[in-house]
Amino acid sequence: MKPRFSSQNNYNKKKMARFLKKHGAKYGTAPGSLIFVGDQRVEKTEVEAIIFNPDNLQEFKAQEVAQLASIHIPNYVSWINIVGLHGVEVVKQMGEYLNLHNLIQEDILNTNQRPKFEEHDEHIYIVLKVLHYNKQKEMLETEQLSLVICKDTLISFQEIEEDVFGPIRERLVRPTTKIRHRNSDYLAFALLDAIVDHYIFIIEQFGEKIESLENELLEQPKNSHLQQINEYKKEINFLRKTVRPVRELASDFSKSESELIDDQTFPFIKDLQDHVIQATEAIEVYREMLNDQLDIYNSGLSNKLNEIIRVLTVFSVVFIPLTFLAGIYGTNFEHLPELKFRYAYPVFWVALILIAFGMITFFKKRKWL
Amino acid sequence: MKPRFSSQNNYNKKKMARFLKKHGAKYGTAPGSLIFVGDQRVEKTEVEAIIFNPDNLQEFKAQEVAQLASIHIPNYVSWINIVGLHGVEVVKQMGEYLNLHNLIQEDILNTNQRPKFEEHDEHIYIVLKVLHYNKQKEMLETEQLSLVICKDTLISFQEIEEDVFGPIRERLVRPTTKIRHRNSDYLAFALLDAIVDHYIFIIEQFGEKIESLENELLEQPKNSHLQQINEYKKEINFLRKTVRPVRELASDFSKSESELIDDQTFPFIKDLQDHVIQATEAIEVYREMLNDQLDIYNSGLSNKLNEIIRVLTVFSVVFIPLTFLAGIYGTNFEHLPELKFRYAYPVFWVALILIAFGMITFFKKRKWL
Amino acid sequence: MKPRFSSQNNYNKKKMARFLKKHGAKYGTAPGSLIFVGDQRVEKTEVEAIIFNPDNLQEFKAQEVAQLASIHIPNYVSWINIVGLHGVEVVKQMGEYLNLHNLIQEDILNTNQRPKFEEHDEHIYIVLKVLHYNKQKEMLETEQLSLVICKDTLISFQEIEEDVFGPIRERLVRPTTKIRHRNSDYLAFALLDAIVDHYIFIIEQFGEKIESLENELLEQPKNSHLQQINEYKKEINFLRKTVRPVRELASDFSKSESELIDDQTFPFIKDLQDHVIQATEAIEVYREMLNDQLDIYNSGLSNKLNEIIRVLTVFSVVFIPLTFLAGIYGTNFEHLPELKFRYAYPVFWVALILIAFGMITFFKKRKWL
Amino acid sequence: MKPRFSSQNNYNKKKMARFLKKHGAKYGTAPGSLIFVGDQRVEKTEVEAIIFNPDNLQEFKAQEVAQLASIHIPNYVSWINIVGLHGVEVVKQMGEYLNLHNLIQEDILNTNQRPKFEEHDEHIYIVLKVLHYNKQKEMLETEQLSLVICKDTLISFQEIEEDVFGPIRERLVRPTTKIRHRNSDYLAFALLDAIVDHYIFIIEQFGEKIESLENELLEQPKNSHLQQINEYKKEINFLRKTVRPVRELASDFSKSESELIDDQTFPFIKDLQDHVIQATEAIEVYREMLNDQLDIYNSGLSNKLNEIIRVLTVFSVVFIPLTFLAGIYGTNFEHLPELKFRYAYPVFWVALILIAFGMITFFKKRKWL
Amino acid sequence: MKPRFSSQNNYNKKKMARFLKKHGAKYGTAPGSLIFVGDQRVEKTEVEAIIFNPDNLQEFKAQEVAQLASIHIPNYVSWINIVGLHGVEVVKQMGEYLNLHNLIQEDILNTNQRPKFEEHDEHIYIVLKVLHYNKQKEMLETEQLSLVICKDTLISFQEIEEDVFGPIRERLVRPTTKIRHRNSDYLAFALLDAIVDHYIFIIEQFGEKIESLENELLEQPKNSHLQQINEYKKEINFLRKTVRPVRELASDFSKSESELIDDQTFPFIKDLQDHVIQATEAIEVYREMLNDQLDIYNSGLSNKLNEIIRVLTVFSVVFIPLTFLAGIYGTNFEHLPELKFRYAYPVFWVALILIAFGMITFFKKRKWL
């Protein structure tokens, strides 16, 4: 793992236009123009290559795309991984090297791409998002991953060096793993599988938070819960926007008739498709759960207020006639006979207490208290 | 029925991440890795086998999968039932014995599987959830059931020994039942049918609770009702998540062209499909009913509050001018002529009563009271 | 019309689990088991038969199914009507007589059946619900009707003897009607048509109630309206659940390629389909109307409360400073110069009145009053 | 234009069961029975005929359908228009004359028909609703129009003589118009086009009202707005119910393979279809707009109330401690030293004012005022 | 860029019937009638032509359509751009020159057209809306663009001269761009691509506003936010109505089998389709976000009010018994023993303070304060 470009100076961008990134310089250019759209997230574009067959595995760090030609060995499968999409030149050279359509090169560079699966004559192009949870900003972020499946070669384009692929690298090192005995199509599947597994991992974590929020809500709704529900809602919407198109991608993948995909790989793609469907269904469940929680929050809050208001109103109302009567006997009428009676004052108190009791009994009977 | 693994120590997990179980150790492993995902729910994995033909039936308890080979007799149908999925080794041996694809073995062990129907060359794989109502926790729970239909053999994988299949066992014992005269496909259907019947049984019970809640709500909405509605809503969502994919499963089953399924079995599968559709429709009806009940609850509550507030406000308002007048005649102005009149006090009372009556009449006329 | 089984002892079951009837004894039995699921609603199962051709018509009351064989005459169409589904034996005998699949016999006996159209080799099976408005309980009820179309014979299975078919019987008696000149398929259509017409008749009646409720609501919302809206909502949901699957049934019917259906009958089935679509659309319209009415009710109610609260609050607020001033001059300070002025009291009154007017003017200007 | 049957005696029926007209006498009759369902809206059924070719045009008023035979001239196109559907006899004669299926005759007479397009061997049957805005009742009304396209002849059945077709008649008179050079299929299209144009015209008018209501709402929500929103909602629902099935009708029309429709007419039908889609989309937009307006109204109203309540509550609260203090110094304790101080009264006032200012400052700081 | 027709006199039309423009004079005319529907937005209709091949490019400003014939040179591609649709005559002449169907000419002139893609024998007709943000009126506006793709020629019809095409013109000038080496189909794609890019640009800008509004809302909801949310909602609805049908258009375009479209252009059209899908998805995301914001606003507002009301009510309630007691000792009973005690007054104060403290403690314990 290499050091990453610091993103601390982006901190104040929090929650800004995450759902649709700015095209900026891109707007108005010709289709197929190779312009990078996105934020530079690593300092320098790097090219790594791993070539392997069941018996051997070698790693390279290429300085230039031109060196790649010399790396290729017959009967080996190559995985070329390019990190840092701002390096337009590298993408261009790769494009020429692999004979990629201009539009694909453009798509690789535009980090705003919608996930899709595209079959071409000599290669397959797959683009989707890798999800990360940024703990500092407490929000989800995406990185775009492009895969080009060629004969015996898989090229991947990443924005940042990502640890989602760590397990794949580990498996590659071990000679007995299936990944070492298969071709570039299986390797592509393995990468997609790791990404989708990471989706599910993130959904699980959100799910736990959301389910535990529900318990808190039912006990005592607080103001902070409203903000939390809205925060989660936005993240779930972001998840949904990221994961949903992958469903279509997986379906297209599983129906592909390209010769680049081995028949033995299809059951695995079908399995991938199942996982994506499971992920999207879980997202829908949590979306509905959050909507229900908003209802619980609102009902709970208004229940609480209603109770307070009811009790206090009844309390005030009990005192109203008492205060009125005190007012009556505070008047200065010259001829106010009650004031002169010997036991007027204790009788007055008894009357007040009786009135108060009568009212409370009445309210209790009516179930107002 | 055997004793079950105590789940009391799980009690405090109540309502935690039931909608998506944790992958835990699974995350990042290769597809096809045989790792158990879920909670161990029985102490020891057990293998039971029942072999039968119209004339005979024998029961076995195998210690090892290896023994199964010896059990098989030509012209008999075998039902092998494995209870306890944490026994990875047993699943592996069964997989080798039956020549199951690695991914199927993985699916059997992952209790997080989405219900599905998969047709392979030599067997059919079906996975779905069995529903239980856990009375202690007052919530629904699921157990995963995997079925592998082979020629003359049905293998079922359960998390716990389940009494949902009790009636099937009873029918198997009797030599005249249809189940004894048919093959493994009909047995698989019979198990599915028992599960779906149990779905309907559980939906019925919820339905009754929900319909009776409605009557209570219309009489007098209480705080506890809100919690109940939310509780039911969550259970209904859980039911829905469990039952809905089975609709697809049943549809795939009914359209299967596998040779393992006898033509005579199809009308029964069609019938199963009808039951699943009925179950999902009933779930939708109860979901809507609960949403309507939330509306009733909120309307009823605010109606009640409104009435209290209205009556009390009117009551207070009637006293406001009376108290004000008492205040006036409580002032200490030296030249306040009314105070000295002979009948000032009784006249004052008459005035107060007239004002009060006037206001009440006015409010009644305006339908405020 | 025969006397019906008294349902008065069911009165207290009102509103209980109408949306999903209890399977009861049925649960856990083998598929195809002939067990009656539902409430017994007539005292004794009866078998009626009408045989007719354009020239002749004869009615019979059979004691046993065995007699039916003797009734059948070549070139006559027979309509056999069985009333009372609790008579499992009769259904079984009919099943044997007509060579019906076990599952169909089971469906006939399970009054919980979802409406459907099933084509078999030698007969067509149709099941749907007949709607009745039970005036005593003020709610809709359903009765299940099963139709089996065979060559020259139509068998209908009813829970109770139903007057929905009265007009059909009348038309059958007259020799010139189309129904007398056609076969069992047209007779089945005629029965379905009568049922769907009755649906529309019931929807119309609800529609009128709902549309007139709207006028009342707009004038003056009352507490009773909330209950009424909820009552109607539930009935409309019940209607919907009953009528919607019939749409599918009619569509399957119109696309049937069975030889049992004459080509001349198809335009009539198409017409039936139009009526069902019209019925379902009307139900959707009334559903939305009820939802809108709930909004109107809530808005109207809170409007009314708001007005009361606003006026009363303003009224109270006007008196607050007045009462305060009265309090000031009720204090017993020894050196309170105003109290000794000659015209202090009238000036005090003038001040109070000016303050009150000032406040009212202010509130009116701000449109608070 | 002829005088119309007075509908003033229907005035008190306003808003009654407009969404589903009563079948009345129709209920329980045989399918295909010719019974008029609806309100008689013209005094006498009339038959008009226009025959034309590019060179000539003649108008007739027939007394009986029998005369129509004599009117027909080869190489002329005839448009026969029947006004007043209560004349069952005329429809019957037309049906016999054109050899129409019984069910079509029934549909023509049932003004409750759902819009549809039906292709038969020798004619095409189209039924839909013409919309009118009844200014007196301030509501939309529909009239049913049936069209039968035959070779060289178009027959139209109307409930009332309608000016929606005025422009068509004018175009027919002019010999250069396309309508004069085409056949009955184009004439049918022209009539449908006029009706759909009139839909759009009415939607436009509602749209303007709705969009201007929004501006009023944002300025100052009033009680009358609630009623208006509900009124518009109901009319929009009525529009929707009328226009939506026409979409399907137009789609069926455009896909027709009948020989009665000239190839040259199809681009026009496609155009018609575009207009209907535009109309339904506009209706959906306005429906959503009205829902949003209800939200605006409710939010606006509660905003206004909140403001009043907040200000008044704060106002009352400021006086509460002041009045309490006045009460304290109104007590008659013998030993109440403050009362005897020389400057007690002015100091008392200063204290009151300070308290009031302090509270107001506090409330302002907390943004409560 | 030419000076534009001043639209200042339209200022007071703001927010009027933008969702459905008035047909006005159009209503009731024959289909295919060439009548301009819309507002005149430029002073004079102008015809510009650019002809180019990879080597040369020439620009013309034609006075009349007749001149166009002389402009055309073999092996050149022509782009004829007509600005100002009120010039019915120009459209008519172009129609004759290109042999366009009458209905297409009508569609070009009706600025109320729904976006669509129409394939004809010798040309392709595309119509859609160009979006502008009118800063003066703070609202979105649309301009209709019609494209006719012929062999070697593209004709575009605009309401106003639009700078959305600026980048295209710049690219055309440079001889190395792809646009110079392709035919009219690619030019049409380039124009559509520029329009869709502009859609995305506008959605981005709205998106940023909406996402930043959310932050403000969560801090402190204000009355002005309600109006803003409603304003944005209306604009988003307008965007949606404009962009959604383009999805269908792009899909039809990508499936076209016309010979006018070169095979090499299809990948670009596919790319265009991706962009439109992305745009519509972003619109849906922002629509939902606005709905969520309305919920946040309402919850936030009622939270704030609830807090104020709660605190103030508790405050008032604390004073109620105090004021009552002051009233008691303000009564003028002759025999009121407490009044004469030596330390009655300080004891009275202590009692008041104790009561107040007791109540506050009670309210705090109940979490009411």
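Residue numbering begins at 1 within each chain, and the chains themselves are lettered A, B, C, D and E in the order written.
Keep in mind that, in the parts below, a contact is a pair of C-beta atoms (placed from the backbone, for glycine too) under 8 Å apart; a residue touches a chain by one contact, two chains touch by 3 or more.
Fair warning: this is a prediction, and the values are worked out from it, not measured in the lab.
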**Item:** Path length in the contact graph (subunit D to subunit E, fewest steps)
**Value:** 1
**Item:** Intersection of the contact lists for subunit A and subunit D
**Value:** E
**Fill in**
One copy, subunit C, sits on the other, subunit E, after a C-alpha rotation whose size in degrees, in steps of 5, is 145
**Message:** Distance between subunit B and subunit C based on Cα centroids, please, to the nearest Å.
**Reply:** 27
**Message:** From the mean C-alpha coordinate of subunit B to that of subunit E, what's the distance rounded to whole Å?
**Reply:** 43
**Message:** Could you pull out the residues of subunit B that touch at least 2 other chains?
**Reply:** 302, 309, 316, 323, 327, 330-332, 336
**Message:** Graph shape for the chains shown, where an edge means the two chains touch. Line, ring, star, complete, or other?
**Reply:** ring
**Asked** Mind pulling up the subunit D residues that touch subunit C in the complex?
**Response** 15-20, 22-23, 27-32, 101, 103, 107, 112, 114, 116, 220, 223, 226-227, 230, 233-234, 237, 241, 294, 297-298, 301-302, 305, 308-309, 312, 315-316, 319, 322-323, 326-327, 329-332, 336, 339-345, 348
**Complete:** subunit B partner, complex, touching residues on subunit A are 166-167, 171, 177-179, 189-190, 193-194, 197, 200-201, 203-204, 207-208, 211-212, 214-215, 218, 267-268, 271-272, 274, 277-278, 281-282, 285-286, 288-289, 292, 295-296, 299-300, 302-303, 306, 309-310, 313-314, 316-317, 320-321, 323-324, 327-328, 330-337, 367-368
